[in-house]
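Here come two complexes built around subunit A, the first alongside subunit B, the second alongside subunit C.
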Partner chain A sequence: MKKKNQWKAWLYLLPTLLIIAVFTVWPIINTIRMSLLKNYDSLREIGGASFEFGFANFVSVAKYKGFLNCLGNTMILCVVTVPISTMLALVIAVALNSIKFVRKTLQTIFFLPYVTNSIAIGMVFMAMFTMIGYAPGHEPASVGIINSIIEAFGGTRINWVNAGSGKLENMVVLVIYIVWNALPFKILVLLGGLQSVNKQYYDAAKVDGTSRFRTFWRITVPLLSPMIAYVVITGFIGGFKEYSSIVGIFGDGMGPAGAAGSLNTMVGFIYDNLDTNQGRASAAALILFVIIFVVTMINMWVSKKKVHY
Partner chain B sequence: MKVVLQNITKIFPSRNKKEKDEVIAVNDFNLEIPDGKLVCLLGPSGCGKSTTLYMISGLQEPSSGKIFFGEDDVTKLSPENRGIGLVFQNYALYPHMTVQQNILFPLQNLKGENRLSKEEMLQRTAEVAKLVQIDEYLNRKPSELSGGQQQRVAIARALVKMPRVLLLDEPLSNLDARLRLQTREEIRRIQRNTHITTIFVTHDQEEAMSISDYIVIMKLGVIMQTGKPQNVYDDPANLFVAKFLGAPPINVLSGKVENGKLYVGEEQVLDVKGVEDQEVYVGIRPEGFMLDKAGKLTCKVSGVDVMGRDISVVSTSECSLNPVIRSIISADEMCNLSGDIAKFNLKEHKVLLFNKETEERVYFGKQLAVHQKILEEMEAEGQTYVTHDGPLPREADDKVKEAVIPEPPKNVFVRAFNAVKNFFIKVGNFFKNLFAKLSKKKDGETAENPEKVEDAPETKEEVHGEENEG
Partner chain C sequence: MTDNINEKEIAPESQEGIATESKVMKKRDVDKVSKKQVAVKVLVQIGLYTFLVIMALIVLFPFYWMIISSLKSLEEYNAAVPTLWPQQFKWSNYSAAFDADGLNLGRLFLNTCIVGIVSTLLSLVVTVLAAYAFARLEFKGKNIMFAALLATMMIPGELFTITNYLTVSAFQWKNTFTVLIVPFLVSVFYIYLLRQNFLQIPNELYLAAKVDGTSDLKYLWKVMIPLSAPTLISITILKMMGAWNSYIWPRLVANDMAHRLITVGLRGATFTDPLTNMTDYPAQMAAVVIVTIPLLLVFLFFRKYIMRGVSRSGIKG
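So, the complex of A and B:
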C-alpha cells in the first residue's frame, strides 16, 4: 500500500472512529474526570459551580453505608455461580453431545432462557418461590410451587423471598436464578467446542481401554480448556455486573420487603448514586472496573498455565 | 498371532427410512493372516478396506461373520480386550500431552493385575521410544514434531501395550513423498524387530508392494486377489488387479483370439496356442514392449520421455482403451525408433489376456505353468490363494459408489438464495419475452431481429444486478 493513499483509509474508518470516540472514549474519560471532582453534579456544573479536585469521591464510596454490603453480595454471587454454572454446563454439553435422540429439542429447551427477558424470568421465579399474602406472623393465602413441592415431600415451607426472609434463602434463590440464566450461553459455547473435537481421540482412547471418567478428565476437559477459560472469564465479568436478576425477583428495592438494599450489588450501588452524586457513582464505577480488570487478569494468568491451545 | 476373518459382512443401514440405500461395505470377506507377517489391504477408496480394519480393531461390529485371533473368537469383544494397537490416519495424538504422556497413556489405563509400577511404565515407554527412534523428543508436544515423528509416536503408543495385532490405517498418506519413503522402511523395520502381526491399509499400490509380505486387493467390499506382491503383479487374476498394480499402469488394448492367434485390430501380434476363440482385453505391461523395425504392433508415436537409463515412448493406437500407450524401453533401443510410427514386438510373459465378458484372466503358453507354480508355493507356505469367483463387482451396476458419498446437505441460506435467484431469473425472462413480443407488434416482423439482439444483454444485466441483492 502506498503512503499517499492513507488518507483514504482514514476516511473510510472515520464513521466508526467517530462513533467509538463519542460513545466509548469520551464516556471513559468523562467518568474518570467526574470521579476526581468532589460531589460532582452535571446540573450544578452548568449552573457555574466548581468542584474540588481530589480523591474525595473514592473515600466517600468506601465510607458509604451499604457499599461493603454491595461489594460482598457481588463477590459471593460471582464466586458461587460461576463454578456451578460452568460445571453444570460442561456436564449438560457432554450429555447433549453423546445423545442423538431428541437432542435438538433439548438444545432448544436449554437455550430458552437466553432469549427470554430477564425481568420476565425474575417475575416467574418470584411467583415460584413466593408465599402470596404473607405477612410476618400470619398464614399466607397461598404458596408458590417450590414450597408446595417441599410440603408435598413432608417438609415445612420456607420463606424464600417475602418480607422477613433471611439473606441465605434470598441468596439461594438468586444463585439458582443466575445459574439457570447463565447456562444456555455456556452450553452453546461448550457444545460447539465439543463438536469440533476430533472423534478419533475418543476412538484412540477406546482402543486403549480408557474409562469414561478418565476420558472425560484427561481428554475432553483439556481439549475443551480454551472454551472453558472463555466461559469462566466472561462468566466472572457478567457476574460482577449482576443487577437485573435482583430487580427481576425483588423489585428495584434490591431486597425483600422490609429489608430494601440488603441484596444490592455494585451496579445497583452505582445506579442508586447517579441521581444524588454523580462523582461518587463515577468513583464506584471505576472501582468496579478495576476489580473486573484484576479478576480477569488472574483468570488469564491461570488459564495460561492450564489451557492447551 | 494369526488373524482369521470368516465370512465377514458389514452393512451400513440406510440414512433415511423411506429410501432403501443401505451400503454393503464389506461383502462375505474370508481371509487368514499368518502370524508375524505384514499384510496390506489395498484398494481404491470406498472399497471397504478401512471398514475391515475397524472391524478387526473392534471399533465397528461386523453385521455377520466371525473374527478369530489365534484360536480365540473375538467378534463380540470390545476393542480394549482384544489386545490390538491401532494407528490412525491422522495419528490422533493427544495434543495437550507430551510425547511421553501420550505413550504412557495406554499403560496408565491398565487396571488390577496388569497394572505396572511407575518405574516399569517409564521403562517400557523408554524402550518403545528407542525402538521407533523418538527417545530424544519425549518431552515435546506433538505439535512440535514433524509429521514423520508424530507418526512414529503414534506407532509407539500402539506398541507400548505389546499388542497381539498392530493395525495401521493409511498411516503414510499425510506425509510428503520423501518422508513417506523413509517412514515406510521404518515401519518395516519395526515390524521385523517386533514380529507383531501387522495389518496395513493403503490405497497406494507402490507403498503396499514395497512394504508387505502379502497383499490383499479389494474392490467394492470384495477380495479380488491375495498373494505375495510380486506374484500378484506378475500373475493378476483379473483385469481390475492388473490395472490397479503397476506404475506406469498397464496398457489395455482391445483384441481377439482367433485360431490360436492374438489379434489387435488387424494385426496379428502373438501366437497363443490352446486358447479358445474369444474377444479379449490385451494387457501389456509398459516393460513388455520391444522396439523392432519388423515389429507386429504398430502405434503412432506422440512423444518420447527421456528418463536417463530408460526412455518412455508415448504412442497412440485405435485399439487402446487408455488415452495413450506407455512403453518403457532401454535407451539403447532408441535407434530403432524412426519417424512417427513405432513398431513393437511383445514379451510373452508381460502380455496378459482377459476375457471381455468376465474380465477374468485367460492363460496361454507358459503362463499357466507360472500360475501353477505360484499356487504350489502358496500352499507350501500354508497360504490359501484367494481370488474372487463369480461375477466381478462392477461400479456401473452397483449403487455402492453413489451411496458412500451422500449428497451434501444444502444450507438453508444457500437454498433461500437459490430460490430468490431463480425467481429473479424468471422475472427477467418474463420481461425479456415481453419486450420481444412488444417490439414484434410495434415494428412489424422486419425490425424483430436487431431489437432482440439489443434487448437480450440488457435484461441479462438486470437479472445479475438483482441476483447480487438477493
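So, the complex of A and C:
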C-alpha cells in the first residue's frame, strides 16, 4: 500500500512538476547562464557563435543608454507611491471601521479599482489629463476635464501628458494612477486587520480620555503593524515591477509623444532587450531580483524591530 | 411589557426628585459632558462621512468619466468646456468601437474566452491533483519539494519570461493558444491555498473511505472538492480575471489577429476620426467600457469570493 502510494503521488504531481521544470526551474538556471555570457543572443548561439564568459553584461547594463533612467523611474515611483497609498489606505480603513451606515456600499466602491483592467483604465486617465488637439505652440480645442477643474478653481492649466510635457507632470499623473490602483488591496487587508483588533484596547483608551489622534498612533498603528508591514512589502515588490500602468497611460512608447522611453522602468528595460540581447536582459532581470530581495529583507528587518505582534 | 419598561425608566427620575441640590448639580454636569460627547461624536461622524464620500467620488470619477465620454458625440467631447452629462446619448460610439481599425472586438472576446476557460479548467485539474498529493499522500521528499515550490514564489516573473520566450519560440508555440495557456498552468500560490484547505478536512474521512474501498480519485471528487468549493471558486474567478487582464506575455508571443487577447487589442488599436483626423476619444472610451464592464459584473456577483481570494494572495490576477 505504501509503495503503491509512492508512485501514485508522483503521478498526481507529474503535470505540476513537468511545467515547473520547463517554465520555472530551467529559466532560473538559464537566466544565470545567459547573464554571464557577454551580449548573449540565442539566435546567434544557434548560428554557432560563442560568447565571452564573465560579468561583462552587468558592467555594460549600467552603462547602457536608458538603464539608469529606468532604474531611477522605478525607484521614484516606488518610494513615492508606497507611502502615499499606505497612509491613505490606512486612514480610509480606519474611517470605514468607525462607521456603520452604508459601510458595505462604500467598501465595495473602494474595491472597484482592483477589478479593472490596468491598461483600460490607464487609457481613461490619459483621456482625463490630456489636452485635446494640442501641439506645442498651438491652442488646444479643449484643455481636458482635469485642467478644466483646475481652471474652475482659479488655477492655470498644466501640460500633464501631451507632447512637450515635463517629467514631473508625467510622474504626478502616474503616481495618482498607481495610488488609485493600489488602494483597494491595501484597504481590504488593513480593514480586515482592524476588524480583528480587540476592542478592549479602545475601551481602555476611552476610559483614560486619550485623544483620537493619540489612540490612532499609539493603539491602531501598532496593533495593525503586521498588516501594514505586509502591504508595504507587497507594495514595494509590485512597485519595482511597475510597467503596465505606464503602458496604460502613455502606450508602449513609455513616454509622452516625442519623448518615448522617458518613463521606462526596469521591467520595460528587460522587455526592450528581450529580443536581441538576452544576456543584457538577463543581467537586468537578476539585478531587479536582487533589488527586490534586498528591499524585502530590509522591510522584514525593520518590521521585525517595529512590528508589534 | 411597555408598562414595565416605563416603570424602570421613571424610577431613577423619581429618586432624583428627592435628591439634594448638590446631587442635582452633579447630574447637570454629567448631562453637559455627555451632551458635549454626543456633539463631538456627531461631528466626528460627519467628518468621517464627508471624507469617505469625497474619497469614494474620487475613486468613482474615472468610471463616471469613462461612461459619459463613451456616450458623447466627438464635437461635444472636444468642446472647450467639458460637459458633465452627454447632451445626447450617442450609442453609435459602441458600434464604432466594434468597427475600429484593427480592433475586431468580437474576435478578441472569443480569443480571451477560449484562453480564459481552457486555462482555468486545466489549471484547476493540475492544482487539485498537486494539492491533494501534498495534503494527503505520503512520499519521499514531500516537505522539501513543497518548500522548494514555495521558494519559487519569491522570484519575480520577469526573470522567467526571458527564457520562456526562447523556450516557446523553440517549441514553435508562438502565435498559438498553447503559448497563452501552458506556461501559466501551475500557480504555486493556488496549490498552497488549496493544500491548506484540504488539510482542514479531517483525516478520519479519508481513512473511512479507504476502509469502504473508495479509490483516491473518487474520494477526491466526492469529498475533497465539494468541501473546498469556496477556494476553488476563488481560484476560478481570479484565473479568469488574469486571462482578461493579461497584457505583457500575450503581446510578446501571440500578437496575431487569430490569437490576440482583449487587453493587447485594446491598447494596440487606434481610434481616429476620419473627418478631423483627431483621436476619437468617445469611441475609444466605448471600447474601454466594453472591456471593463464584464469584470465589474463578475465582481458584483462574486464579491465575497474575489475579496477572500485577493486578501490572501496580494497579487493582481
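What to note about this one:
Convention: the second predicted complex is superposed on the first by the 290 of 309 C-alpha atoms of A that agree within 3 Å, B and C clash if a C-alpha of one lies under 4 Å from a C-alpha of the other, contacts with A are read in each partner's own complex, and residues count from 1 in each chain.
Everything below uses one rule, namely that a residue touches a chain if its C-beta (ideal position, glycine included) is under 8 Å from a C-beta of that chain, and two chains touch if they have at least 3 such contacts.
From a predicted model like this one, the values you see are computed outputs, not experimental measurements.
In the superposition on chain A, no contact is made by A:E52 with either subunit B or subunit C.
Taking subunit A as the reference, the larger set of touched residues comes from C, when subunit B and subunit C are compared.
In the superposition on chain A, contact is made by A:T210 with subunit B only, not with subunit C. Put simply, subunit A uses no single residue to touch subunit B in one complex and subunit C in the other. Partner subunit C is touched in their complex by these residues of subunit A: 2, 5-6, 8-10, 12-13, 15-16, 19-20, 22-24, 26-28, 30-31, 34, 42, 88, 91-92, 95-96, 98-99, 106, 108-121, 123-125, 127-128, 132-133, 141-145, 148, 180, 183, 185, 188-189, 192, 212, 230, 234, 237-238, 240-241, 243-244, 247-248, 251-252, 267, 270-271, 274, 278, 281-282, 285-286, 288-289, 292-293, 296. Taken in their complex, subunit B has these residues touching subunit A: 57-59, 78-81, 84-86, 88, 90, 92, 94-97, 105-106, 109-110, 157, 161.
The touching residues of subunit A, when paired with subunit B in their complex, are 198, 200-201, 203-204, 206-211, 214, 218-219, 222-223, 225, 308.
On the subunit C side of its complex with subunit A, the touching residues are 44-45, 48-49, 51-53, 55-56, 58-63, 65-66, 69, 77-82, 125-127, 129-130, 132-133, 137-140, 142, 145, 149, 152, 154-167, 182-183, 185-186, 191, 216, 241, 244-245, 247-248, 251-252, 263, 266-267, 278-279, 281, 284-285, 288, 291-292, 295-296, 298-300, 303, 306-307, 310-311, 314, 316.
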